[in-house]
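Both of the next two complexes hold subunit A, though its partner changes from subunit B to subunit C.
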Partner chain A sequence: MATTAMPVASAVLGADRRWLFRAALYTAAGLGYAVIGAPILFVSWLSFFSNEIVSFPPQGYTLRWFPHILDQNNFVSGFATSFQVGVVAMLGGLLLGVPASLVLARRRFLGREALNTLLILPLVVPGVVAGTSIYVFQVEAELLTGLPLLGSVAGLVLAHVMITIPWTVRLVAASLAGFDRSIEEAALNLGATPLKTFLKVTLPVIRPGVVAAALFGFIVSFGNLEMTLFLVAPGVTTLPIAILQYLQWRIDPTIAAVSFLQILLIGAGMLLTDRYVKLTRVL
Partner chain B sequence: MTAAAIEAPQRVHERRFTAAAMIGPASVVVVIGLALPIVILFRYSLNQFTPIKGMIDAFTVANYVKFFTDPFYITVLLRTVRVAAMCTAICLLLGFPLAYCLARTRSRFKNLMLMAVILPLFVGNAVRAAGWMVMFGNRGFFNSIFLALGVVDKPLDIMYTEFAVVVGITAVNMPFVVLTLQAVIEGIDRAVEEAALSLGAGPIATFRRVVWPLAMPGILAGTILCFILAMNAYATPVLLGGPRFQMMGPTVYGQFAGVNNWPFGAALSFILMTATLTLTVVANLVVQRRYRR
Partner chain C sequence: MSKTTFRISRRRLVQVTGAAAGMAALGPFGRARAQAAGKVVVGTWGGDYSKLLSKNIDTPLLAPKNYEVVHDIGGDPERRAKMRAEARLPRGTSDVQGLSAAQMFEMSAAELTLPVDYAKIPNAKNLVPQMKYPYGIGHIYSGKVILYNPKLVSAPTSFADCLDPKHGAKLGIIDIQYQFTMMAAGIASGGSMTNYDPGKERLLACKKAGAKIYPTNEALAAALKNEEIALCIMWKARAVQWQKAGINVETVAPKEGVPLYISGFVIPKNAPNKDGAHAWLNAMLEPSAQEAFAEDMGYNPTVTNAKVPAETQKRIGFNADEQKRLVDLDYGYLAQNDAALKEWWDKVFKG
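So, the complex of A and B:
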């Protein structure tokens, strides 16, 4: 008797509890979304306020803060520095990372795991620790060689190249999963040179990974704050550092406009990349 | 055919050389650019410092003793651990449901919903802190609403509190946790959950005994990443906590840039890294022991 009554009772009770469970689930998920999205939305909103001092509700809306950015030399030169370093770091990261990930993904050799861990290291070591370490390293290297390394552009760029490597390795390796090596061997057997085989056979397969690695490399370098703080010479600034320093002093629609433009730029970059490779597949 | 057979040993040799040439440069850059510097940093932390002469070569643990005997620095470390733990807990509490919804949704906007999680990840911590400053300030969004509704007479102090910092870091880290969990949950077959439900388990039992244990690898990876990032946060505590709310990241920077005490700064940096790694490993072991079967 109990065996027939039980499922019915639990089904009735279950429907009710399932509804409650759903409600709790969606509430928590919505809160999660709010916490992630709210700062982006509010800073974007502020960039259109007509009143210079933050207060709600805004007195009106204007676009005048956007041209105002160009008068702020810190943001202009900071953007230029960040952009240039980002592009070089992206290219350097691809040049070093793509060959390395090809080897890591397809060869089996002693010490492969160790090398893999080593190349992921820049992603795992916190920015503050990496920044302080590279700083003292530059001090020592400068003492040893007499070259002006401390705060040099070369030192900054090299450090940025390094932090893009883990992304390239991860993304390219992911795009190689399931790749049939016999196609490459066929190309080689049919007389193609190794370079031609790479360009005509391998590259088209890993292209989504390479595109994603290029984007991520640029973004990771462009947005880096903690490590960069220790590596820039006095007077040199990057966009994230300029934003941080401005915000330590005040918050107004001008800084919000800078932030909004950065959000737009990165959003556009992501949408563009998404056409080549589904970002959600490679992350 | 025979030519290929004769060439073989040489080819193997060549291929090994090629492989080394391909992976070598990246490895050298990371060893020289990061591994070696960390070793030098550790060496620096054993040096001495005097305000007049600056750094003096020495071999002493004085910097570490100074840290662990000064209540100020102990407070900073404990505060950092506490904030990181709270952020991690909230990230998991809100991030898991969000990741679950994202993994199980059949909406055609799924890609867009995921992009909304990924975008903030790349926008920069300072920009996101600015967003909270707009909401938390004395004349910010929340205080304006509270004052208009008559809930309070004068603005609440939300900025420069532990609450503001916890919320700020939680927002910064949440996307990492959500994306890690979403990937793992997507790998769990829907049929397993449906089986549990149809066999009479309630939704809570299904969650606790099926989804949660199966998602454990992702939960571990996500919370560990979140904890490490929170321990080492810099921009968020500086902007939302202000100068009086000291956490480890800003304190390390202050020793280097502010007072030029490199040895003590190096020691702080090392303590921060060690504390992060130790707590991570301990948590990992505890969780693995509980869920071993």
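So, the complex of A and C:
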């Protein structure tokens, strides 16, 4: 009796376990989505509140905070600067990061691991520490060379290139995993130059990684606050700094409206990119 | 019926993205650095502060004199860090820096500021004496007062009344102003401007009774608005701003004294345009600029010839009796003890 009852009991237990597993999975996924989605949802909701001091429940709804953004020159110029710096940093990050990933993925040399760690470091070092260090470095470089390096936009852009590199290296390296090098060899055997081989064979294969790296490089640069605080030149401000500074004197939902537009912009960028390159393939 | 679809080819997307990137790369990344040729770089907080400096000082008063004023926008911690870091440079990146009185003292003690040449600032003759420092000038001021919701609590008269455990969870305390909170508790408990220690016991008792600690001004304002708390201590200028935003609070100038909050400007020792810096400070003290700040931000002018409308004065200012109780801080004590105060606040009070 016991031997025949066992499989039945086990099957029942198995079904129970599967059900429990599924319930736990859905709960965890739901919680994950809630944690990610709640701030986005709340910021978007807040941007339509009519009350100047944010409190719940809202006293009413309005669109007036959106035109108010344009009254604040720092938001407009901050957006332009963040956009420009973001694009240049993204391009710089790709120019340096893609070759670095190729070398790291394909060559074995002394110090490879150290180089790999070095390229990830900007992710590990806190932004405030990085910003202060770069500022002090610029001071020392200016003392040494006599060149007016401090407070230059070039310094800001170079620092932003630095923070995009870990993303480029990781994402491109991920897309290089499992890459069949025999197709590159075939192209080379058939007379293609190494550059042509890279452009016509390698690049199309790693394209999802490159596009994702470009997108994330831009987002990381566009949203950077801590490091940028120390590096903005006089007369230049970025959007995150403009938001932080606005908050020092006013607490109305204008900053929620700015953030809402930023969410829309970045969301649109991601959707548009995903239409051409499936981001889920590399992320 | 024709169906219109909007399609962008991959090649086209790359072209458009590339063009945008190119435009961004070649964009007008202007380099602004303080220069002797009429450019004045002003280190300042952003938001309304920077906007009002432009509107009331730079554009109407300096531009006609061919000065180009550029703002170096940032919070005071990073601007002070930058002042320290670039101290060894013969030419710094800013000509004037906006700081609180305590921070002006700190920068001066670190020998990072240039003594103000008052002979170059004719408007300084109208300065309220407390606002005239050898190393900097007060731009605007307010005082630490008690804010209370008349619907929820009867009017307190003193810091001792406000920072009292009897209020339980109705008392709100702001984290970022730990120095002023400790000072207020100190003078409410027999301490002085050079000894905040007697207030520690009072603060601990308040916390034990349920007083709530808020990280930022916004959080404190929201708590007052929601009636989560009924009273707190805060700058009178903030109270004016919050009243305008519809929060039901009244203010009381505490009888122990009204500690001053002064926001001012110093000239870094290596300012490239020292004459421009003095010209800017002189313009800052013009009555028109001072009156505009009072009206727009709720802070008091630091010159005696500014004419603030009576109604505004009533909201933001202090009457004759209250003015007698305005007390400046001992910045030397604060600079010497700040690390210890912060440690107590973080580890004992909040911990």
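Here is the rule we use: the second predicted complex is superposed on the first by the 235 of 283 C-alpha atoms of A that agree within 3 Å, B and C clash if a C-alpha of one lies under 4 Å from a C-alpha of the other, contacts with A are read in each partner's own complex, and residues count from 1 in each chain.
Simple rule for what comes next: contacts are C-beta pairs under 8 Å (C-beta built on N, C-alpha and C of every residue); 3 or more make two chains touch, one makes a residue touch a chain.
For clarity, every value in this text was computed on a predicted model and none was experimentally measured.
A.B. asks: Which of the two, subunit B or subunit C, is in touch with more residues of subunit A?
C.D. replies: Of subunit B and subunit C, B contacts more residues of subunit A.
A.B. asks: With the two complexes superposed on chain A, say which partner A:Q84 touches: subunit B (first), subunit C (second), both, or neither.
C.D. replies: second
A.B. asks: Answer with first, second, both or neither: which of subunit B and subunit C does A:L247 touch in the superposed model?
C.D. replies: Both partners, subunit B and subunit C.
A.B. asks: Go through the superposed model and pick first if A:A268 touches only subunit B, second if only subunit C, both, or neither.
C.D. replies: Once the two structures are laid over each other on A, A:A268 reaches no partner at all.
A.B. asks: Under the stated touch criterion, which partner chain does A:A130 make contact with: subunit B (first), subunit C (second), both, or neither?
C.D. replies: Only subunit B; A:A130 stays clear of subunit C.
A.B. asks: Between subunit B (first) and subunit C (second), which does A:F230 come into contact with in this model arrangement: first, second, both, or neither?
C.D. replies: In the superposition, A:F230 contacts both subunit B and subunit C.
A.B. asks: Can A:N74 be said to touch subunit B (first), subunit C (second), both, or neither?
C.D. replies: A:N74: touches subunit C, not subunit B.
A.B. asks: Contacts for A:N51 in the overlay, against subunit B (first) and subunit C (second): which applies, first, second, both or neither?
C.D. replies: second
A.B. asks: Contacts for A:A28 in the overlay, against subunit B (first) and subunit C (second): which applies, first, second, both or neither?
C.D. replies: In the superposition, A:A28 contacts subunit B only.
A.B. asks: Can you pull the subunit A residues that subunit B and subunit C both touch?
C.D. replies: On subunit A, the overlap between the subunit B and subunit C contacts is residues 53-56, 132, 135-136, 139, 229-230, 244, 247-248, 251.
A.B. asks: Considering only the defined contacts, which subunit A positions touch subunit C in the complex?
C.D. replies: 51-56, 72-74, 80, 83-84, 86-88, 90-91, 131-132, 135-136, 139, 142-143, 148, 150-154, 157, 229-230, 232-237, 241-242, 244-252, 272, 276
A.B. asks: Note which residues of subunit C are touching subunit A in the complex, please.
C.D. replies: Touching subunit A from subunit C are residues 10, 13, 20-21, 24-25, 27, 29-34, 41, 43, 45-51, 70-75, 78, 81-82, 85-86, 88-89, 91, 93-94, 217-218, 221-222, 225-226, 241-242, 245-247, 297.
A.B. asks: Across the complex, what residues on subunit A touch subunit B?
C.D. replies: My answer: residues 6-7, 10, 13-14, 17-18, 21-22, 24-26, 28-29, 31-33, 35-43, 45-46, 53-57, 96-97, 99-100, 102-104, 107, 109, 115, 118-119, 121-122, 124-130, 132-137, 139-140, 158-159, 161-162, 165, 169, 194, 219, 223, 225-226, 229-230, 240, 243-244, 247-248, 251, 255-256, 259, 262-263, 266-267, 270-271, 274, 278-280, 283.
A.B. asks: Using the touch rule from the top, collect the residues of subunit B that touch subunit A in their complex.
C.D. replies: 18-19, 21-23, 25-27, 29-31, 33-38, 40-41, 44, 93-98, 100-101, 111, 114-120, 122-135, 137, 139-141, 144-145, 167-168, 170-171, 174-175, 178-179, 183, 197, 200, 202-204, 207, 228-229, 231-232, 234-235, 238-239, 248-249, 252-253, 256-257, 262, 265-266, 269-270, 272-273, 276
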